[in-house]
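In what follows, chain A forms one complex with chain B and a second complex with chain C.
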Partner chain A sequence: MSVNNRDPLVVGGVIGDVLERFTRSIDLRVTYGQREVTNGLDIRPSQILNKPRVEIGGEDLRNFYTLVMVDPDVPSPSNPHLREYLHWLVTDIPATTGTNFGNEIVSYENPRPTSGIHRIVLVLFRQLGRQTVYEPGWRPQFNTREFAALYNLGLPAAAVYFNCQRDNGCGGRRC
Partner chain B sequence: MATATPTDSMSRVWSMSSLKSSLPSAVTCRLPSPSSRRPVLVSSPSPRLPSFSGLSPVNPLISTGLPGWQSFEDGFKIIDGGGRVYAMRHGRRVPKLNRPPDQRKALLRGLTTQLLKHGRIKTTRARASAMRKFVDKMITLAKDGSLHKRRQALGYIYEKQIVHALFAEVPDRYGERNGGYTRIIRTLPRRGDNAPMAYIELV
Partner chain C sequence: MTQVTMEEVWKDINLASLHPHRQLNIDHEPVLSNQTPNKSIFQDFLNKPLNQEPPPSSSSTHHGSLLAPPATVISLNTHFIDTHFDESAMFGCFGKKRGQDSDDSRGDRRHNRMTKNRESAARSRARKQAYINELELEIVHLKKENARLKRQEEQLKMAEATQHQTKKILQRSWTSPF
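For the complex of A and B:
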């Protein structure tokens, strides 16, 4: 199915800030506890302390995928000079399985935004082969596009994003 | 975009039995009996029911057993606002936001200050669409950059650090963009009063 202009990833600015336009080719299900992550969902840091359960679709166990979790709004959406911050990187995930079967090369760090409402994006790339992806040197100033170009990951296979803000904020509500 | 069209995957799974079970009994007698039903009709019920275009296949109450909602917006047809909604906007010049003029101005000043400070805020849809004009105005003042414009911005925005930061970074950030410096994303209604909410963010 093609991405039209009302697709949540386009409306939320994820396509543009983080990713290029792509056609979704595989299912991606991300679950924090009991809540399944849908695009634009509001989640607090206290609910995402532990890594989520990620299940991907596809049919062939011989295809491997890489999952990247970034925050493009660090340190604040109005001034994202540290864009993007890498929270989690798992490679060699076989299709139809989840991140438990992959190789977690950058361990999960739970997002703790201090200022504003941050988008957290989870992107799934298809790898050309096994063990062809290596970890970057540091977490901030990560660039998903360059990372994909560097390891020949191509366009994303699937993506989802959610919103996260401080626990004791006012809900972002300025009313 | 109020029409409900079945996605490809849904029409494949959709069968006559699930359709018949959700129809009122007065209509089912029009349908042919199962024994005489030809197999080709199983996948396309529309020729048999010319009057029922209103039956929404995307209604989550009709369980077709499909798991994959890609996003919240796929499952529910749009989050509509409360209040009277008319098709026309004839004669409506200024959004009043249910407040007298002085309060309205103060509210909008506060909202633009917070948006310029945090980059993304969540508020009601009416307020978000009312404040777009003023946010764009502030960014246009900053694009000009002269002392007079800076003082005009200082007269509107409540915190002067934000004005100085704005005047410093706007030429880089919005130098090439002409207008449209904000984006509004509608979201779930507020729990307390079901007010339609939206995120407004600086593009």
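For the complex of A and C:
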């Protein structure tokens, strides 16, 4: 299943702004409450107050994965000079399990966009083995590409994104 | 307020008188029919109140030239409106008083706003298209799964039916052969 130009990740600019082109190699399922996150879904801050349930596929428990959650549209999509904001970082997630089994390096901080419609991206990387990841130190101006390079994570194994705007936003239309 | 309107009227008149001039100077501006005229005319578009829209093709191709408007506009104005040029020279920190300065910054701000709006519109279209594409992918996936589950169901039903048939007929299994 290779990425073509119609792929939502490409059309939505996630590939380009945050990630390189990649071929999905593992299942990634992100659920907030009863809602499963699919690309481009509109989810409001009130629905993502708590960390989602994240389940990953694969077969071998000996393979470990890292999950990164970022907002590339901070402080606003028309002027993202603080790109990217790191919301969550979990490492050492064994295949077939979920984030509950991993190591939460950076705790989940719920997105609260004030201006515009932000993309919130969740990326899964495969680790070479169990590894020590040092917490970045601050959340703004995180760079997923550099982070992956630093820890030899290679290309993403899976990714999904959704759109988030403030609770009383009008979905980009005139109110 | 009145001064602003008058100023625009003056500009309109001056630019109108500019055209016959330029046609006389065909030797000096041979590209009259091609490029340069388009630049200044388009910039005039930008400086007029926005009830007309610039031609869509030129908006992208002339993007480079759009960065130059202030200089050209100033030179145009100084040629015809000397008093206003003096005013603008004094502007500095006086803020947005009437006259030249608002012209330039108005053009700038308008241009800025247009660009931002264009980008915002593009993001909006991308957002919509990405979501649609995702839904289409889901449909394909769900249809496949549905077909698979139906097949599975059929098979299970058939297996159950044959099992039923064998059970309906009473059969001896462990009794003696008579």
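Here is the rule we use: the second predicted complex is superposed on the first by the 173 of 175 C-alpha atoms of A that agree within 3 Å, B and C clash if a C-alpha of one lies under 4 Å from a C-alpha of the other, contacts with A are read in each partner's own complex, and residues count from 1 in each chain.
Everything below uses one rule, namely that contacts are C-beta pairs under 8 Å (C-beta built on N, C-alpha and C of every residue); 3 or more make two chains touch, one makes a residue touch a chain.
What you see is a predicted model, and the numbers here were worked out from it, not measured in a lab.
Enquirer: When the two structures are superposed on chain A, do chain B and chain C clash or fit side by side?
Expert: On the superposed model, which is not a single observed complex, chain B and chain C clash.
Enquirer: Report for A:Ser76: first if it touches chain B alone, second if chain C alone, otherwise both or neither.
Expert: first
Enquirer: Should A:Ser115 be classified as contacting the first partner (chain B), the second (chain C), both, or neither?
Expert: Only chain B is touched by A:Ser115; chain C is not.
Enquirer: Check whether A:Gly40 is in contact with chain B, with chain C, with both or with neither, and answer first, second, both or neither.
Expert: Once the two structures are laid over each other on A, A:Gly40 reaches both partners.
Enquirer: Just to be sure I read the superposition right, which of the two partners does A:Glu84 touch: chain B = first, chain C = second, or both, or neither?
Expert: The answer is neither, since A:Glu84 touches no partner chain.
Enquirer: By the touch definition at the top of the document, which applies to A:Asp92: first (chain B), second (chain C), both, or neither?
Expert: After superposition on chain A, A:Asp92 lies in contact with neither partner.
Enquirer: Which chain, chain B or chain C, ends up touching more residues of chain A in the combined arrangement?
Expert: B
Enquirer: Touching A:Arg24, do we find chain B (first), chain C (second), both, or neither?
Expert: first
Enquirer: Counting contacts the way the document defines them, which residues of chain A are shared by the two interfaces, the one with chain B and the one with chain C?
Expert: Comparing the two interfaces on chain A, one with chain B and one with chain C, the shared residues are 6, 8, 11-13, 38-41, 77-78, 117, 163, 172.
Enquirer: For the complex, give me every residue of chain A touching chain B.
Expert: Interface residues on the chain A side: 1, 6, 8, 11-13, 24, 27, 38-42, 73, 76-80, 115-117, 160, 163, 171-175.
Enquirer: Show me the residue ranges of chain B that touch chain A in the complex, using the header's touch definition.
Expert: Chain B reaches chain A through residues 1, 7-8, 68-73, 110-111, 114-124, 127, 165, 169, 183, 185, 187-188, 199, 201-203.
Enquirer: Which residues of chain A touch chain C once you look at their complex with the stated criterion?
Expert: It comes out as residues 6-9, 11-13, 38-41, 77-78, 117, 163, 172.
Enquirer: So in the complex, the part of chain C that touches chain A is made up of which residues?
Expert: 116, 119-120, 123-124, 126-127, 129-131, 133-134, 137-138
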